[in-house]
Every structure is written in C-alpha cells, then in structure tokens.
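First chain A sits with chain B, and in the next complex the same chain sits with chain C.
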Partner chain A sequence: MTTAAPALSKPAAIDPWRRKARLAEWGQRAVLLVASLLVLAYALGPVVWLVVSSVEDEAEIVSVPPHWLPRRPTLQNYRAIFETPEKTVTYETSSHKDPAAGGYIPSTAKNLLPGMANSLEVAFAVVVLNLLVGVPAAYAIAKIRFYGRSAAVYSILATRVVPDIALVVPFFLIVKKLGLVDNILSLIVTYLAITVPFTVFVLVGYFEALPDELDKAARVDGCSRWQALRHVFLPLAVPSLVAVVLFSFLASWNEFLLALMFTQTTASQTLPIVVASFASDFTISFSFINAAGVIAVVPPILLALVFERYIVSGLTAGAVKG
Partner chain B sequence: MTGFAEEARPQEFRARLARLFNYEERSAVLFLMPLVIVLGGVALFPIGYALYLSLFRLKLTRPGNVPFVGFDNYLLLLEDSGFWAAAGRTAYFAVVVVVATTVLALLVALLLNETFRGRRLVAALLLVPWAVPSVANGLMWKWIYNPDYGALNGALLQFGLIDRYTVWLGDPGKTLLLIANALVWKEVPLAAILLLVTMKAVPADLYRAAKVDGANVWQRFLHVTLPTLRPGFLLVIVFVSMIAVRQFDLFYLLTEGGPGDASTVAAWQVYVESFRNLSFGTGSALAYLLAMAVFALSWIVIRTFGRRL
Partner chain C sequence: MARIRFDRVTKRYGNVLAVDELDLDIRDREFVVLLGPSGCGKTTTLNMIAGLEELSAGDIYFDDDIVTFVPPHKRDVAMVFQSYALYPHKTVRDNIAFGLKMRGHRATEIEQRVRDAAERLRIADLLDRKPSQLSGGQRQRVALGRAIVRQPAVFLMDEPLSNLDAALRISTRAEIKALHQSMRTTFVYVTHDQAEALTLADRIVVMRDGLVQQTGTPDDIYERPHNTFVASFLGNPPINYLPGALDRSNGTVRVRCGDFAATLPPALAAKLSASGDVLLGIRPEDVTGAALALADGVIAGRVGAILPSGSDQYLEIRVGEADYFFRVDKKAHYRSGDAALLALDPTRLHLFDRSSGRSLLYGA
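For the complex of A and B:
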C-alpha cells in the first residue's frame, strides 16, 4: 500500500504542466476546427441553399420563413429539364399551382440541354485553339532570346487589361458585318481574346521554371526548335497543360457578356444565356430557376474539385507572371 | 573594280541579315505567328476599332448619318454629371470589394497556412465559389436577397435581427454593398490562394527568430507575416480591383443599374449607352475612358505598392 502512494503521486506532480500543454493543444485544435467550419459555411452555404431550393416544390419554395431543409423533396424541375422533348412540360400540363405565385415550369426548360451542348462545343474549340496558339508562343517567349521579347510580353499583358465591355462594341459590329450573329463561331473567336493571354502567361511561367540546360542539351543533340518543344518540353509540361485546358474551358463555360450580345436563338445560346433568360420571367417558379442554376454550376465545380491541385498551381503561376 | 564591289555588297547584306535574323529568331517568329495573328485579330484590332468608333456620332437608329465629331463624345461625357456619378459608384464598389476580399482572404490564408487534419479538404472545397459561373452567382444571390421568400430575410427574421421582410436590392443605399458581397464571395478563394503562396514563401527562421526575441503571436503576425505578404497583397489588389471595376454580369443579373441609377456603374453605363440607347459612338468613348482608367489604376497600384516592396 505504501509503495503505491509515490507511484501515484509522481504523475500527479507532472500533471499541471502536461495538462496545460494539452489544454493549449486542444484549444488550438478547437479554434482551427471552428475557423474551418466557418470558412466552409461561407464558401458552401450559398451553393447548398441553391441546391436545396431547387428540389423544393412550389408550396415550400414560397414558404415564410424558408424551409431550410426540404420536407417533400421533388425532382420535378430536373425531370422537366432532362425529359425527352416530346414530353415537354407546357403551361397547360405544368403543376397546377397558381402561376401568379411563380408556380410554373417554362416550356423553354428543354432549351437547357441544347444550351449545354453549345457551351460544350464552344469550350472544346476554345481549349484546342488555346493550346495550338499558346504552347508554341509560350515556349518561344520562355526559351528563345529574340529581339522584342519583353515588348511581346507587355503587349500580351496589355490586351488582358482592357475590360471586356470595351471590346463588346467593336466585336458586335465586326460580328454583324461578318454575318456571324447567332453563330457559335463568333463566340469561339472572341473568347480567344479572353483566354489566350492568360494561357500564355501560365505556360511561360512554367516553361521558364524548366532549366535552360534541357533546351541546350536537346539542341546539341540535333533537335530543331520544334523537336525540342515536342519531345523535351511538352512531356514535362503536362501539369501546366492540364491547368491551361481547365482555365480556358471554365472561362468559356462561364462567359456571359459576349454570349449575351452575339446569341439570339437556341442555335447558339450557351448555357449561361438560357439560364439567365429564366430569371427575368416572373411567371417561372423560383425552384425551377434554381434548378437551372444548379445545372450550370455542377460541371465547373466538379472539374475544380477533381483537378484542384493543377488549378491552384496554375493560378499562382499565371498570377505571379501576370 | 566597280563590279567587284557590287558583288560584295549583297553578300555582306545577307550576312548581316543572317546575323540579325538567325535561326533562333526565325523560329521565334514562326512560333509566335499564331499568337500574333490571334491577338491582333481579336484584341488589338478591336481596341483600335473602338477608338475609331468613338470619334463618330454613330447611332444605330440613324444608320445613314454618321458624322465625324472628333473628341466631342469624350467632351460630352466629361461634362455629364451622370458619367461622374457612375465613375464615383464604380470607385466605391471597387474599394469595398478590394478591402473586403483582402481581409477575408487573409483570414482564410492564415487558417490554411496552419497544419491540421482536414486542411486539404477545406482548401479544395474553398475552390467552389471560384468555379461558380457568374450567371449562377448572380441568380443565387438574387434568390438569397429575394424580398418575399429570400434566405437573407428569412434568416435575419428568425434570429430576430429584423422585424419584417425588407426589399434588400430596392434600397439605393444598400444595393452596391449587396452586389459587392456577391462578388467578394466569388473572389475570396483566388485571393486566399495568392496570399497563401506568398505566406508559404516566408522562411520559418524568421518566425523562430521573432519567437526567440520574445514576440507574441500578434507581434509576429504584425511584424513578420504582414510585411512579407506585401507582394501577395499587391497581386490581390491589382487582380480584384480590375475584376471589380469591369464587373458587368452581376449588375445585369441583380439590379440592371437600379433602383433608379443607384447601381449604375461604368461598365453598366457602357452597356446601356451602346445597346439600349444604340449610341455606339458615345458607348465606345465611355468604354475607352473605362479602359484607360483601368490601365492607370493598375499602373498606379503597381508603382506605389511595387516600389515599397
């Protein structure tokens, strides 16, 4: 019995110090946890609310106070969007709620899928053209010493400083003159003005970080400039290429102003334009508008989450250069 | 004798040309050709064309009558009080967005600079607002601000902060701030990433030295973290202010410049002048003034902050 006493008192003697350290550690952990939850709530809250209110039915969406969780979740909005065009929901066949209260799914719901197809077509074309134009140019700027190199860099930067809205008027007149109104070609070409400078900056930053010795070695081995780019630099530049593909894809997918000016019908309207067209119609259900918003939001968010690493490194490379 | 000299001259010329324009330069030209063509066609030419247009009284409602008016369009604008009001609103909007984004991004970056479990997940999910298309961003906030069924009214009422529903975007005093909030939400992730990168570049030795010298957490933040973050702040300020000054989408989706002209900023004014009043001459002049302001702004910011870095 007596031997047990000192054995017990020993840890007790250390305890206050240890407890303090542990308390500080727990306190720090709690602070970090609370801060993380706050950041996540801020970043995700609005999007979660968008998704939640897209699956609420008419009675719920207009409830006061709002139903933070749907009590009768429904997919009727998404059904209207993805249903085959033959079974479109029209004013007559729509839900029998009061249309004046916004209780109706528009017959134009079926325009969302063609809009998405247009968006995809434009985005793919823009991505390909960005690579074709951006890769050789970025390699030349990063690795070839030529007269007027810094002038080239500054003029590329300058084109990016011009606000899009300043380009809209001349673009509009040119597009009209060429007869490209309501044609996705007008979007593909004008989106290059937005995407190519950024692509070049991201790639220049990446190519410059690769050692010059690689370039010299390839050239000593008898590679032409083109071969050096193709066989030595391109394989090494894959991460930056992924980033560039993502940026130009997302920029075209999300672009609104130019598409608003140059498109008129479903022949060329991109997803953002179709989605925005619902918002100005007061007879359309709020939950349907939110569902359309979700459709526009899901692909870019998925891409961003899957390729997060590439995006972060690409953004920092592009921003530090630009 | 003369024939000999003449023969030598083109040779010499060719040699000089070859020196000036060697293989390197030739391949550089080839590699840059597509870029030059593309940027020339979709950027430089339209910019020049806009300048040209801004010198005419070009109204689409009068297609046959397009007189050259020199800089009259610019003078008209500079004398117009509506223009200066819009310029003031743009500046106010940009300052609010830049300050709020920088402060929030700094807090987020400080959090992500710590090592803790789940850090990667938080960093990844933070990209969500960055990826949201501006159309969806506009619709989402319009729905949140909705005067009858919106989440903002609902939440504030439930917490007892307001006693009845408010028409948020209908209040001229709040409109710009509410639109700014929507933009800040979208821009914080990029700003935080940029700040985080500069933060990571701060050598740990600096903190250790400060700790040894007896600096507490707050002093370390004030005297070590903040000064070394200057390049990051510069980047964020330039980036975000440019985005804020050019912002069009949110104004189109949320308020259309209203109520009254409470949210009529420069970019919205360009749109109204060109595509609602169909006055492309003054619209272009307005766009040019905006572009020059953006140029001047980025130059000033880089000059003043860049030198002190």
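For the complex of A and C:
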C-alpha cells in the first residue's frame, strides 16, 4: 500500500518571485534579439545596399534618404554586362545622355566577363595546387620525422609575417625575368607563394591533432605513406580541407595589389582590377560598379553555401588539441 | 609464422639512446613479453619489428631474411595499439576489412574472414557501427579483430589492455592467451604491468634504459632475478632489501643483517664466491609467522600498518630503522604495535652485490 503524496499547494509568497524570474528571462531574450539584429544589420547592410543599388539607376542611387526598395527597378546594368560586351563606349557616345539619368556604361564594361573568367581560372588553379602541394607537405611535417623538419616549419611560419606589399617588387622582378607579365601564370605562381604556407600551417595543425597511432595502424595494415594519407588522413581532414579551399579561393579571388602590378590587358586582368577600372573612367556609374560587385560576390557565396556545414569546424580545427 | 632476430640493434633519437645494441631471438610461435618501465625502449623495439621506426644500427631478421629496410606495409605483421587506433570514419566492418582490402584480397573472401573474426571476438552484431558508438572493451575487440583477420606471421601488441578496467583486463588477458594458442603465430607483447607479463608470456624480456636486463620464462624472472632492478620490478608489494654482510665459517655461509642472521642452504652457498657486504632480498611472501625467536632465520620486528588484501594480509614491519612489507596468512592475528616474529624460507633468499646490484646467486 502506498500513501499518496499530499497535493502541493503553492505558497502565495512564491508567485511574485516566479513572475520576476519570468520577466527577467523575457528581458534577456529581448536584449539578445535586439543585439543580434543589430549585428545582422551591420553585417548585411552594405551587402543589401550593393544588391539593391545594382538594380537602380544613377539618380535613384544618390537619393536622400536612400531607397532600400528600388522604385524604378532596372536591369540595365546587368544587360550591359551580359548583352553588350562589344559595344564601344567613348566619351562622345556616352555623353549624349546625362549620366545621372542612367544608361551610362563604362568603356571597360566588356572586360568584366573576361576578367571573371581570368579570376575563376586563377582561383581554381590556386585551390587545386594548394591542395596538391599543401596536403602532402602538411602530412610529412606532421607525421614523418626528417632532417630539416623544424626548419621547414619555421620558414613556413616566417613567410606569414612578411606583409605582401614587401614582396611586390621582388615578385615583379621575378615575374618579369620569367616573361610572365600580363599572363595569369604570374598570378597563380605568386598567389601560391602566399597561400601555400597558410594551407600547410592549417593542415599541419589538423594532422598533428590526429593520433600518430592512426598513421602507424594504417601502415601496418598495408598502406604506403601515400595510401595512409589517402585512405585515413584525407577523409578525416575534410573540414580543414574545406577551410583551406575557401581560404585559398577567396585570397586569390579578392587579391588586388599583385594583380594590379602584373596584369595589363584582358589577357590576364582579374575581376578586382576590372571593377576598379570602372571607377577611373570619364564618368563613374556607381550602380554599374555595384552590379559588377554583385556578380563578383556570387562565386564565393556559392562556394560558402556548398561547404557551409564544414566551415566552422574547419576554421577551428587544430586550435584545441586532443 | 616467423622467427624474429635482433642483431645488435641500436636506436637513437638525437642524443637519447632508446635501444642499445639489442640482441634478441624470438622463436617461431613464441609469446614474448617486453616488460619495463616507461621509457625503457620496449615500444621502440616493438615499432622496429613492425618497421615503424628506422634502426640507427644493427639488423632485424624475420626467419633468415633481413627486414631492416622493408617498410611496414610489406612486412607480414599486425599490431594492436594502446589507444586502439581505430579509423573513426570507417564502420567496424571496414576497420576490420581494411588490412585485407589493402592487400588485395577478393571481396567474398574478405567478407567471410571479417565475419569469422567478428564471431570469434563476439562483435558480429557491431559490424555496422562506427568506433565512436562502441565502449572501450568493444573497441579493444575491434582492434584485436583488425589484427587477427589478417592472419599475420607476427602479432604485435602495444599495451593493449591498459585502457580497460580491471575486471575486463583479466578476462581479456585470458582471451589473448587463448588467441595465441589457436593462432599458432609469434606474439610480441609490450607492457609495464608485471602481472600481465607473468600470466601471458612464454618468455619475458625485462628492459631498462634501452638495455635488456634479463630474458627468461616468467618463473626464471620472478624466482631468479639477475639484478635488483628485475627483482624490484616484479612482485607486488616489491621485494624487501636488507643491507647485510656475508660471514663464512666452518664451511657454512651466513648472511647477517643487524640483529638478524640466516644460514644459507648448501645449494645456495655453493654458488657464492664473494664475501663481505651484500644486499639481502626477501620477497614479501617468503616468510611465515614464527612462534619462537630462533637465532637463525627469524626476523623480529614491530608491526606497523596492517593491510588486508582479501585473501591475505600484508604487514608493515619495522626492523631497526627501516620498514618492510611481508605477507602473512589471513588467519594470523596481529595488532599494530605488536612484536612480530617472522621465519624466512632460506632457500628463497636473494643476494645482490651492494654496489652493482647484480645477483650473487643467479645470472652470468
């Protein structure tokens, strides 16, 4: 036989406390919500304006207060980029329209798509070569004891503290000696010099965090070093590989300084150079520049969306051992 | 099946000597345990058999072939690691099958062998799980499965039981021993746990600072240690040492330690050539409670702590200025502070040189 527990009657004195606690909880949530909205607005505001203004004309873009929703949406900038790449625009042909009224296209508009192609080629090559060079290098440094190992690690680290601008002149001299000026190879080679050390650095951290015994087990199980890398380490390193892919892609996609030095024509000019050239024309069309900007951010965003679920774990990989 | 022979093998890491001119002959199908404290070179020795460490000098032979420069994936060895080192991204099935796949076996054969190994280790129901979904004991079995499925010529184990809890460790020990008997292959097993070594080994190799201290059957190592290191490393609680002196008169040899003296039996006395200062070693279990304070072979002391161990009890006995541990029958009643008389078995005495620690009775 069991005795029923006496019904718990709520003492009246507890209620005000409970109400207070609930209020505090709601207050906390509200503060967090407002704070995150602020951060969101700060981060996304410029992007939203970029996209919105790319479908506005020059007059609307400078209106005060700014129009967050275009009143006269137009695709003229995109049409200019995709449909009339061959249209010759000069001061004479463009000036019979008032630039402020829109419809103005910079003289270098036709360079945008070739520039984008160059950018993609460079970025793709840099990503692939980064993996081809960085992965074996990192595995060797992390898991094989060889003479010069720590020297290799330190020299790789040392290259990361040299600012890129200090390398511009030496790089230019080398590129010129190699006859690679105005050739995308010059960009691929120099971007690799900048990105490979970072790639190796990130991957070494990740591989070192994987136990040595895993490597030994694989090799006793019948793997050569290459097979151990392929069958055991690479599948485990996917998050950090994604981080490396994104980093090297973005680094070469966004790079400006070296590209400005080494490129001269559409044979090798990348997107940042072409977009920058729009601002040095007779008249500047900001809405057109913004349309170009939208096109420029599409590939990185697509890449980020594809790899989204790996990004955070990849960037923190190797940060904490064990 | 393989015999493994070390010919003056040395391994150096920079200035650190990990293994020093090791000569060792492991017979085909033998179960050899490398025993020693951490840093003694036992794991390095194991890794050199596997090919995971390069030799600084010397050669290793499998049967009559030099394998010194053969990479691990071309040696017919399998290894079980302390951390198990299961591939986290593969299922249990793929973990076990991996070694066979890498060696190019046919899929049907792999499936059959994985199933056999899994059934033998009672993990057949776990084949589709990932290692992260297994308990420590199950992971350990998968690691064993990964090794036995290959049916290697040499089976290497690097402290495979040290991450298991005490009960599981004892039962797995028995299984490993059974495995050795059924697989009929050479086992080399590394541990720092003397109990593991004594139960499993056909032969124990005791190592310290890269040097082999003694090689022998578990009985040899325990009963006839060649030096104080081996004597202390095996046995729990460890052997007691009493500084003493040898005393020869009328053809008998006596060892005298302060108030206590014992006459050596003729069989032991005959082995002794030295005299003078020695270290007398008495294992805790080599005494019995004595009724009378005889002049010969009875230690008199005072009981300190009493440590019951379930089946026996250990007494901390203070003799003069030093404390010793002895094991006595559980039925004997002692109280802390009591005077205690313990008769020692003179046939089981150990005598060591005081400066070198070398045994005066056993060994070279």
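Rule of thumb we're sticking to: the second predicted complex is superposed on the first by the 269 of 322 C-alpha atoms of A that agree within 3 Å, B and C clash if a C-alpha of one lies under 4 Å from a C-alpha of the other, contacts with A are read in each partner's own complex, and residues count from 1 in each chain.
Operating definition for what follows: a contact is a pair of C-beta atoms (placed from the backbone, for glycine too) under 8 Å apart; a residue touches a chain by one contact, two chains touch by 3 or more.
Values in this document were obtained by computation on a predicted structure and should not be read as measured data.
Student: Touch test for A:Ala217: chain B only (first), chain C only (second), both, or neither?
Tutor: A:Ala217 contacts chain C only, not chain B.
Student: Quick one: is A:Val169 in contact with chain B, with chain C, with both, or with neither? Answer first, second, both or neither.
Tutor: first
Student: In the superposed arrangement, does chain B or chain C reach more residues of chain A?
Tutor: Comparing touch counts on chain A for chain B and chain C gives B.
Student: Between chain B and chain C, whom does A:Phe198 touch in the aligned arrangement: first, second, both, or neither?
Tutor: In the superposition, A:Phe198 touches no partner, neither chain B nor chain C.
Student: Regarding the shared-chain residue A:Phe288, is it in contact with chain B (first), chain C (second), both, or neither?
Tutor: Once the two structures are laid over each other on A, A:Phe288 reaches no partner at all.
Student: Please indicate which partner A:His231 is in contact with in the superposed arrangement: first for chain B, second for chain C, both, or neither.
Tutor: After superposing on A, A:His231 lies in contact with chain C but is clear of chain B.
Student: Is there a shared patch on chain A that both chain B and chain C touch, and which residues make it up?
Tutor: Shared contact residues on chain A (touching chain B in one complex, chain C in the other): 224.
Student: Per the contact definition, I'd like the list of chain C residues that touch chain A in the complex.
Tutor: Within the complex, chain C touches chain A at residues 47, 50-52, 71-73, 77-79, 81-83, 85-89, 98-99, 102-103, 146, 150, 156.
Student: Quick check: in the complex, which residue numbers of chain A touch chain C?
Tutor: 211, 213-214, 216-224, 227, 231-232, 235-236
Student: Flag every residue of chain B that touches chain A in the complex, lowest number first.
Tutor: On the chain B side, the touching residues are 20, 23-25, 27-32, 34-35, 38-39, 41-47, 49-50, 53, 104, 107-108, 111, 114, 116, 118-119, 122-136, 138-144, 146, 148-151, 154, 157-158, 165, 185, 188-190, 193-194, 197, 235, 239, 242, 245-246, 248-249, 252-253, 267, 270-271, 274-275, 280, 283-284, 287-288, 290-291, 294-295, 298.
Student: Enumerate the contact residues on chain A facing chain B in the complex.
Tutor: 29, 32-33, 35-36, 39-40, 42-44, 46-47, 49-50, 53, 61-66, 129, 132-134, 136-137, 139-141, 144-147, 152, 155-156, 158-159, 161-174, 189-190, 192-193, 196-197, 200, 224-226, 229, 250, 253-254, 256-257, 260-261, 272, 275-276, 279, 286, 289-290, 292-294, 296-297, 300-301, 303-305, 308, 311-312, 315-316, 319-320
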